[in-house]
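Chain IDs A, B, C, D, E and F follow the sequence of writing; residue 1 opens each chain.
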Amino acid sequence: MKYNRAFNRSCTQLRNFEIIRNFTSQAVGSVFIKAGDTYVLCTATIVENVPDFMKKQKDCGWVTAEYSMLPAATHIRSNRESVYGKQTGRSHEIQRFIGRSIRSMFDLSLLGSRTIHFDCDVIQADGGTRCASITGACIAAFDAVSYLIDNGFINKNPIFNYIAAVSVGKVGDKLLLDMDYTEDCNCDVDMNVVMDAKGRFVEIQATGEKSLFSMNDMNDMIVLAQEGISKLINLQKECFS
Amino acid sequence: MKYNRAFNRSCTQLRNFEIIRNFTSQAVGSVFIKAGDTYVLCTATIVENVPDFMKKQKDCGWVTAEYSMLPAATHIRSNRESVYGKQTGRSHEIQRFIGRSIRSMFDLSLLGSRTIHFDCDVIQADGGTRCASITGACIAAFDAVSYLIDNGFINKNPIFNYIAAVSVGKVGDKLLLDMDYTEDCNCDVDMNVVMDAKGRFVEIQATGEKSLFSMNDMNDMIVLAQEGISKLINLQKECFS
Amino acid sequence: MKYNRAFNRSCTQLRNFEIIRNFTSQAVGSVFIKAGDTYVLCTATIVENVPDFMKKQKDCGWVTAEYSMLPAATHIRSNRESVYGKQTGRSHEIQRFIGRSIRSMFDLSLLGSRTIHFDCDVIQADGGTRCASITGACIAAFDAVSYLIDNGFINKNPIFNYIAAVSVGKVGDKLLLDMDYTEDCNCDVDMNVVMDAKGRFVEIQATGEKSLFSMNDMNDMIVLAQEGISKLINLQKECFS
Amino acid sequence: MKYNRAFNRSCTQLRNFEIIRNFTSQAVGSVFIKAGDTYVLCTATIVENVPDFMKKQKDCGWVTAEYSMLPAATHIRSNRESVYGKQTGRSHEIQRFIGRSIRSMFDLSLLGSRTIHFDCDVIQADGGTRCASITGACIAAFDAVSYLIDNGFINKNPIFNYIAAVSVGKVGDKLLLDMDYTEDCNCDVDMNVVMDAKGRFVEIQATGEKSLFSMNDMNDMIVLAQEGISKLINLQKECFS
Amino acid sequence: MKYNRAFNRSCTQLRNFEIIRNFTSQAVGSVFIKAGDTYVLCTATIVENVPDFMKKQKDCGWVTAEYSMLPAATHIRSNRESVYGKQTGRSHEIQRFIGRSIRSMFDLSLLGSRTIHFDCDVIQADGGTRCASITGACIAAFDAVSYLIDNGFINKNPIFNYIAAVSVGKVGDKLLLDMDYTEDCNCDVDMNVVMDAKGRFVEIQATGEKSLFSMNDMNDMIVLAQEGISKLINLQKECFS
Amino acid sequence: MKYNRAFNRSCTQLRNFEIIRNFTSQAVGSVFIKAGDTYVLCTATIVENVPDFMKKQKDCGWVTAEYSMLPAATHIRSNRESVYGKQTGRSHEIQRFIGRSIRSMFDLSLLGSRTIHFDCDVIQADGGTRCASITGACIAAFDAVSYLIDNGFINKNPIFNYIAAVSVGKVGDKLLLDMDYTEDCNCDVDMNVVMDAKGRFVEIQATGEKSLFSMNDMNDMIVLAQEGISKLINLQKECFS
């Protein structure tokens, strides 16, 4: 039995992705990524400073992320977090997830005593915003590092490899790759996977809030995620060719 | 004596403007406006509700604006207002300015008991962000009203006319139209003007923090602003042709 | 046709002003100003420190303002901003306006590495609070500077000249000088003007939220403002005679 | 051995008090009280509403207080609480103390379903601000109640009696009535007493942070407070004669 | 090669667990859980209300969690979140994790229009606080539901099954079950697993911030987690025997 | 006429007290105190730093307290202060009261340039939480000081004596020692007393919000408090025997 997806997509098919480098010119990395109707602007900016907890590790850098949605990013306008006075718990959770993932790309001891900030601002949200943020921020990371090397701030490349992220969901007995918002709301199990180019895991988060899941479910979902991520990393590599 | 402006611009010349309608699809109005290196996303969203202070005026609507800069919009990364816990005084001042200007376009009694929110998010800042916000939000306002009319929510058009905004500065004895960030930092007198298509004023704000100015200065600056605004309103009209 | 104003005031007449210097004794400048039923306490205090963004300019000082209304200042009690947890957008906008205006009086390079804080606390509000704040703070500025000179902290007077502020409104085809709260609520165009003793502009803010206005309107309003400000500066000078 | 007090005051002497009723005209009670160099504006405003926790008690009113110091009230400028984003613990403690005291004057069941807000704003602080607040707010309470009776909102007077407050301190083996700021900083034991016209207690707070104290100390301090409060209540009564 | 763990624990051994029901008497569920030196108080309280987003689903309940650490829970005192003015991102992330997990135990449609709050307050932290919170809150959930059934608020038991949580870490090529704080800081891969009594997954979160990991790693870690959770669920069941 | 108290307590009888030292192991002082159904965890932690206002007094330490209730401490769940965004006025008032009391135990000049933080977290509240906090924190203070002496951080004991606190209430013409929550809600006069082992006062706070009280009332209440405190200090001393 076929699951009907928007735009006639098959269950194992990614949405249309578009990755625009240098969307703005003042940030050292600035990537506008479209995953279907999900649009995220991922910028990298450098501050010549590290947080207090990193200061004891001499010459070591730091990498961190912030995530936010514009109020009009969703069908129903959401409150602006700065007006409300604080970030939502959801934003906190997501930006910590993005931060850990992007940090895994780096050998911080090669970065020097500086911080790269990754700002992932969701311009329009149709599901999968945290995954698009990571996939886009990875490109911005490469551009930020090129800037540091080209301008003589660092000598050795602190980045190991490409990473990308994708969601997989289970609805009934169907698995869906790269869910949009409607699919995400209706799925029984929801998994976000971050991997590198060699298929190694950076992060896995799977939640069965509506329905528990078995080891087999998980293995099937991971296989599907792996295929999607492999395609996304190819798209990333094309940005630099 | 000629004043050297970036890109060989003359003192009375606008920057290159680009206005993209329907930049996103979920907001009823969504305009991406570029004024040189200043990029602002202006969205209009509708909430079927009005603030408490408008509730006593039956069937009357409300129009309001919020303004914010993305952290990476400027050369030096600024703090995210939601992380800091509140909007800056500058954001407050600017969004009140935008709100008053856009509100002047509307006959609120024809809008019904609903609020149109204009969110002006600065994607990149190179001076003139409040003016670009108003010029862009004007287009989003037309699109929001078309949505309301096309879907039968209202019968009569509550919008009177086009409005647009531009800055004029005085440096020494030179007047500069549509200043970029560097010019803005160095000018003696700074004026922001909002006008309609007939050259009538919506708002004027002029400040001589570094150097007082005379009635003649002001008249000259207004004449220059008028020319710029007239060109901007032509650009706006082309969006709908 | 005559416009009926409270207390039989003519359209071009200021309210009764009273300016009390040294209202309190601990602040180096402390001015209680009454503009009809609008009462504002304007104090100047000195802190031997400048904000971070001024630290690179050696020996240069800073001037800043804060504005707030007491909860019982208005007919309907307003929330205390400290209980609500933040200043309103209106307070932000007004204190930035006051700060720019008072700053224009000073040659900051003659002030030494210190900050003068101007606190404008509205004890009772009946329209024109931002203008009364500026007119009162100007006197407090003179007193603060005298303190600095008399105690040998600075040698040269960093203040150029007197400044004062007044509002002008347009209701139908009538112009009103120095509006009270009721007039302010009902006017079509609202202008606040800050000028020095020689009739030069410090700030102009004019807003036609309810009705657009022409260049002629503006010129007429400015002439009326000029007359009012000239009288206010005479009142200021009498304080020191 | 005599203790040297400012202005040659004896140990058992109050400072000069001045109580000005109707200092402003928009609040139903508005009392400016001077206790030496301590100035407090105490206003009473009425809101036709009660807090949620009082809603189950039908037709019962509420009385509450807020306390704040203007930034320039003290010799060293203090931060504005609304800019800092919250009230200090000291303000919280004091306004709760004032609120309980003023509430004790009222039979809330005779007030109807409304709240009287007492705002005590310290214009200048030289010790004893919480006591001056209570002594002044008591007068504002009488004026607020007169307003309610005169306008037919209530029929029976909900106020029982006058109350006033004073501080007593112990320095070495000396007792000081009505301490100013310098005395307050240097005393070993600090007591604030609120009493009614018949010498009954409303509140006692005594603290021996620097030095413990005996039952005898306390009794002596209370006797001294009683004398001071009796004089203050006479001053209050003169306001209405 | 053996890995040296505190208290001579083997790599696959849980810490000593102690679960005390009814630790306090006012909450309907109150469980004090000790996992080695990690102590968490998990309480369940019932509010006869649901959040706005659940109101459209008639008679449906809600389950939510809050998590916080006491300032002295860690070796170095941490700031109290209420003094700082907001919860940390870490607290947000963890309480969302706990909330989703406990929610998975419930058929919300059988709960009636009420909310069960699970408050997980860490009395002492030595690693694994989020897992101990879930394991303890599961017991509190049973007690809360018994209260609802025993008092006739609901008829059918809305809880499906027991759940428990445990951490597994990878250090070099060693896997460690139920890590303490020191182990958690030093591990390469960190996984938190929530399962039910039948070995089905509720949540998996695995992060390789310091070192990526393979599918084999993950499978081995899950097997180890499964053994631990099975023992924890036996401990839970003993609480009711 | 006898007053009926829970558990058949007489009017002059304390509740059952239990004091557990070393409840947790990471804080240098950790006391769990039970006063009937009121449970408070009082911890002492040391930070090698003093607040700014103490920095000018060389080698002088500081002692401070924070107080909070867990959300489920009361019969009706209260909001978590960190979620609400700030501490309540009640928490502020109480923690200042605790801080002053514990500070009176210390000769701060013997503490060295460090701060001892006393965190009083109410695990369950049934009246008298501030008094139980002080009685428990006193024990934690002794343990913190022993730690400092035993580890050679200080040479001389900075603590003078034991202190303890108890409440006394007046209901009609009855006096009640150590009130529980129900008694506290219904009493006419409420007094909290802090004393040392020799019967000297540290703090007295008495409030007659519902009914004024005489000097005789106060004396009787103090005598009763003295008896209770004397017993509590015996319990404290037993902790160390």
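Just so it is clear, a contact is a pair of C-beta atoms (placed from the backbone, for glycine too) under 8 Å apart; a residue touches a chain by one contact, two chains touch by 3 or more.
Keep in mind that this is a model prediction, so the values were computed, not measured.
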Could you tell me which chains make contact with chain B and chain C both? none
Contact distance in steps, from chain C to chain D: 1
I want to confirm something about chain D and chain F. Since they are copies of the same sequence, is their interface symmetric in residue numbering (over half shared, so same) or not (under half, so different)? same
Find the chain most remote from chain E, comparing centres computed as mean CA coordinates. C
Taking each chain's centre as the mean position of its Cα atoms, how many Å separate chain A from chain B? 32
Approximate Å spacing (C-alpha centroids) for the pair chain B, chain E: 50
Measuring centre to centre with CA averages, how many angstrom lie between chain A and chain E? 27
Flagged in chain D as touching 2+ other chains are 85-87
What is the order of the chains around the ring when you begin with chain A and head toward chain B? A, B, C, D, F, E
Can you list the chain D residues touching chain F in their complex? 86-87, 89-90, 92-93, 95-96, 100, 103-104, 196, 199-210, 212-215, 217-218, 222
In the complex, chain D residues that touch chain C: 23-27, 30, 37, 39, 41, 43-45, 47, 66, 68, 70-75, 77, 80-87, 91, 117, 119, 121, 123-126
